[in-house]
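Next up: the structures, one after another.
The following pair of complexes shares a single chain, subunit A, combined with subunit B in the former and subunit C in the latter.
Let's turn to the complex of A and B:
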């Protein structure tokens, strides 16, 4: 199965930069999630790959071949839109056979493809149903079968689970991924849901303002984010700002309000302005004991397995912690708590040019 | 198969697609838009002629002024009455359920497809005081003023446009707003007036423009009605003036060309300016609908008053629209059959009309659907937007002026032989029917999510295949509806035809000639009208069949 590569792709709509110096490499048979906030250019990236949008400059390669000037129908990249776009005037079977019909395959081959596909997506009982009569899950499976039957070797999913209800969405995550894996097809899956991306992807590409910020395995993106934005978008993070006062196995940072915090080793210079980020799940709070600084409990939200605790901490924009819910009742608003984390769980980032607040903004 | 494959491959090339599109746009500009407004250039090139023949001739000037004032007077009254009577009718058709609604719905549309020449004769016999040689004793014979008669006639064929435009909007307005108003304590009348009515603006603009344009442009029915009414000599509207002068220019005095050009220019400019003003004004003006009179409005919402409103609306439909349209059928019993009726002439004219309408519809479809696709799918770009606006021009311009402009463009306004004449009539009919197809198809394509075609492309379909297999089945009924509209409009048109070739042998023209030329052959004229109405009725059933299917399918 082919790889997909975007090289220095640029695309502007009037004054909106939908793709800016966009570089992306998707490997053979990989399941890649393109993750980013709304308006980050995720859908544009998909449309550039399948040729529905013309790029301003740059190149697109599929299977190592330059397809920049190739029309959509010659690229072998099937798009599954958010609403699936099943052709309403055709039955499930006719929808699935759309690609084979276009290519005018022999009757025998068509019948075999249809049988295989119906079997694969468990729709053997509904081949004559019209799209209007299908449930959300069935529509999605029909669209998938149609894309596979067209002979496409790269599948582009544009938020394929968005139109489904929450429970179905979660069960279909595994189904979709294992199907793609067993057929060894290359998949690029666009989503704004970080949980979905973490569970489904071989690798995640985080995209913002039409530019890939970081690409890597889910654990890598989660644990070693390259910027405060990534740290906050993939699993919420807390941030404190200050200057490096000591370097070694761990980095020591002194904040403007005079507190001292620890973080993991970093490459930045002594005295440099930095941001320290730590996932809210790795932020520990206690009544007493060793701590970096104090905070006041603002509110406690019960989430089932966990408690989400919002805290007031001097000199920070927003501060939260996630703690096991057995501690419910032991914390109340207004309580003073001690805050700490282990140094290797905290990352150090250079101070963003436009300031931390601007960096964290999600449009 | 391999050859087909190669043909597909060839026409799917980007350069071929671009070239085809360029061709379509070129056709639109050079065969539709430029001929329609070409007469405007006459003011620059031949100002001297206009100056000496028209401006320095007080008789002609006063004829022109009177005709144009008459035209706008009629159009204004007609539109106002259409609105007042059409609004409650739209309400009934959208919000009420009753037995026979389907039939009423069909009857309202009826005058849209009947050639206006037939309607004109029918309505004039019904309302008008007619001279001794045209007597139908069953007619009311109460109207002696040409102004009043023409208002009554124009209501017949413009009323359906108003009802259709208003009900199209009313169908889209969410009734929940009104329900919310009711739960907050408003009476039905207050809720409808303050909440729903202000949302009507878009439909009202469409309705007003359609009614004005239709009334300003109507020729055939008007000529016949004036000829049927006694003592209407000398009364003209803009189009009838063009109609009359065209004959003079073609047969006796070519000097009249300057006068014709001048009237056409005036009509086109005034129509366009009026349209722009209406669009702008309606966008800006907020009707003072906020004020509420709870007590009287509550009273008016109860018991007797709503019933009075609904029944008077129905009576209006019956008396002002339906009776005048169908009155012609009584002529079968009243008029003495003419022994030497020219039936082969009528047969020829029907064939002529069908050839024209058929060719026109084919050209409209082949070159109109691609333009509609271009407009609907290129919303964000500049050129499609401009074309979208330009498409409306031939719909607004009075067809008699359009016809004269067109003949000026192609043959310099001169008389031509019958073969060229046929070609010119076809070109003129294309100019004002082409926008009907484009409008219909554009509307339908805009309702289809582009994701369907795009998905088809990524599944391996070439553009032409994506269109044929995915988009076409979804918009088929709108294409057919547009085609039938174009066909019936072409079949019923008089003004443009006569302005291009004053003696063209179309069916409506044949009827006009029977009535306006001595010796009058009323029996044949009535029979010809009835036959035309019957043909139109069949076409209309087709139209309804296809438009209904669309609602069910999507």
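Let's turn to the complex of A and C:
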């Protein structure tokens, strides 16, 4: 199956930059999640790849071949939209066989393709149903079968699970990924849901303002974020700002108010103004013992496997922690707790040019 | 703040029974979430409380008063929709001041009220902007401020966060609960998102096929769900089919389909009964003996690794291991798994089969 490459792609809509120096390389047979907030340029990237949107400059390669000037129907890609765009007046079978390449095939071959597809997406009992009679999951599978039947080797999923219930979405993640993997197709899956990306992707490309900020395996993006934005978007983070006062195996940072925190080794200079970020799941809270500073518990929310604890530090800084839910009942609003983390779990970033608040904006 | 009471409420559309004889009591100042899959009747139920539609049968009481023939505008409610419905031609301040204006408050009072509620949702600096200039999360905060500015004491939220991005949704749900609790409002919130329900509610009402499955605090529904549907719907779980082979002093032995014995704590079943054991992934752990399991996938979840496999009993299994131990597991490997006997919840085997009993759509 083909690889996909975007090279220095630019796309502007009036003064909005939907793609800006957009470079992306998707490997043969890879399941890549394109993750980012609304308006990041995720859908534009998909449309540029399949040719539904013309680019201003740059190049698109599929399977190593320059397809920048090739018509959409000759690129071997299929775009699966959020709303599935099934024809309401056609049955499941007719929808699946709608693709131009299939319509012209001999009857026998069409029947075989249909049987294969129905079997693959578990719809063998519903070929004659109309889209209006299908559940959300079934509609999604019909759209998938149609895309596969068209012979596409690169599938472009635009938030394929968004229209489904939250719990169903979780169940269908594995199914969708397994299907793609068993067919060895190359998939680019757009989502704004970081959990979905972590669970489904071989690699995640984080995109913002039409530009890829970071690309890597889920564990790389989660554990070694390149910026405070990435640190906060993929698994929530707490942040502390200050100056580097000691460098070595670990970095020591002092805040303006005189608190001292540790973080992992970094390339920034002594005295430099920095941001230290630590995942809320790696933020430890304890009744006593060594700590960087104290916090007051504002509220404790039960979330199933975890408790979400909101804390207030020095009366102004909001911190959160995710701790195992067996600690329920052991913490209450108003409690004073000690806050700490292991140095290697905290990242150090240069102070963003426009300030931390602007950097962390998610919409 | 008012209580809400539903007494044998049914809503029937032609042949479809959307809500089927629902009884529910919501206390003064309580935050209750109605949780269920698409088509379970949750939106119909909240509309019956609001008075957007009349129940076919049964009665709705707000603050102890029967709401029969009481129109929406006299029920003293604030209603927030999934689809953000702000007036596009009015700025933020006028949107929020709309309720007070309808209630014939003077212009100064309108502005004062708008300011008060915009401050509460931290949007005071955006008063002069138009809805189209705000992002989705901000627009929904304005909707909330507008609903509150009418002086409503009962807040009805119909999937208020569903249209927003995942990350924005998470931030806003903490904000929502903080706000409502600060004002002490009675709140009914409808959602299909079990995580959202758990993190905002005092109590969750699980609905399915027009009826209430069960109600409980988030912790009750997660740790001790009474119904197998809830076990699977509120949080992920493993379901093992088996038979009780031994039961003494609430210690039961369950034999799985391949003959493996699983020990659990339950007093509710006699020897020979066909059961299903529900155990959440965080309470299944690798050991030197137990269920023989072949690993099919390992997934990095940030704070832990989720390991997925198939047990020799043919039950699918998911379990979690700490980040540092994730590298010990890989696809194709065979491991033995135990479950925490106290964290297991045992159900009678459903007659219609497990798949049907936990079906999500």
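Going forward, the second predicted complex is superposed on the first by the 355 of 363 C-alpha atoms of A that agree within 3 Å, B and C clash if a C-alpha of one lies under 4 Å from a C-alpha of the other, contacts with A are read in each partner's own complex, and residues count from 1 in each chain.
What we mean here is this: a residue touches a chain if its C-beta (ideal position, glycine included) is under 8 Å from a C-beta of that chain, and two chains touch if they have at least 3 such contacts.
It should be emphasised that the depicted structure is a prediction, and the values quoted were computed from it without experimental measurement.
When both complexes are overlaid on chain A, the residue A:301 reaches subunit C alone and has no touch with subunit B.
After overlaying the two complexes on the shared chain, residue contacts for A:310 are found with subunit C alone; subunit B is out of touch.
Of the two partners subunit B and subunit C, more residues of subunit A are touched by C.
Of the two partner chains placed by superposition, only subunit C is touched by A:37; subunit B is not.
Contacts of A:165 after superposition on the shared chain: subunit C is touched, whereas subunit B is not.
When both complexes are overlaid on chain A, the residue A:218 reaches subunit C alone and has no touch with subunit B.
Once the two complexes are overlaid on the shared chain, A:18 sits clear of subunit B and of subunit C alike. Chain contact summary for the complex, subunit C toward subunit A: residues 37-38, 135-138, 165-168, 170-171, 174, 177-178, 191-196, 198-200, 217-219, 222, 233-236, 280-282, 297, 299-303, 306, 308, 320, 360-361. Residues of subunit B that touch subunit A in their complex: 1, 5, 12, 14, 449, 451-452, 454-462, 465, 469-470, 473-474, 553-554. Subunit A contributes residues 50-52, 71-73, 75-81, 83, 85, 87-89, 98-99, 101-104, 146-147, 150-152, 156 to its touches with subunit B in the complex. The residues of subunit A lying in touch with subunit C in their complex are 37-38, 135-137, 165-168, 170-171, 174, 192-196, 198-199, 217-219, 222, 233-236, 279, 281-282, 299, 301-305, 308, 310, 322, 324-325, 328, 362-363.
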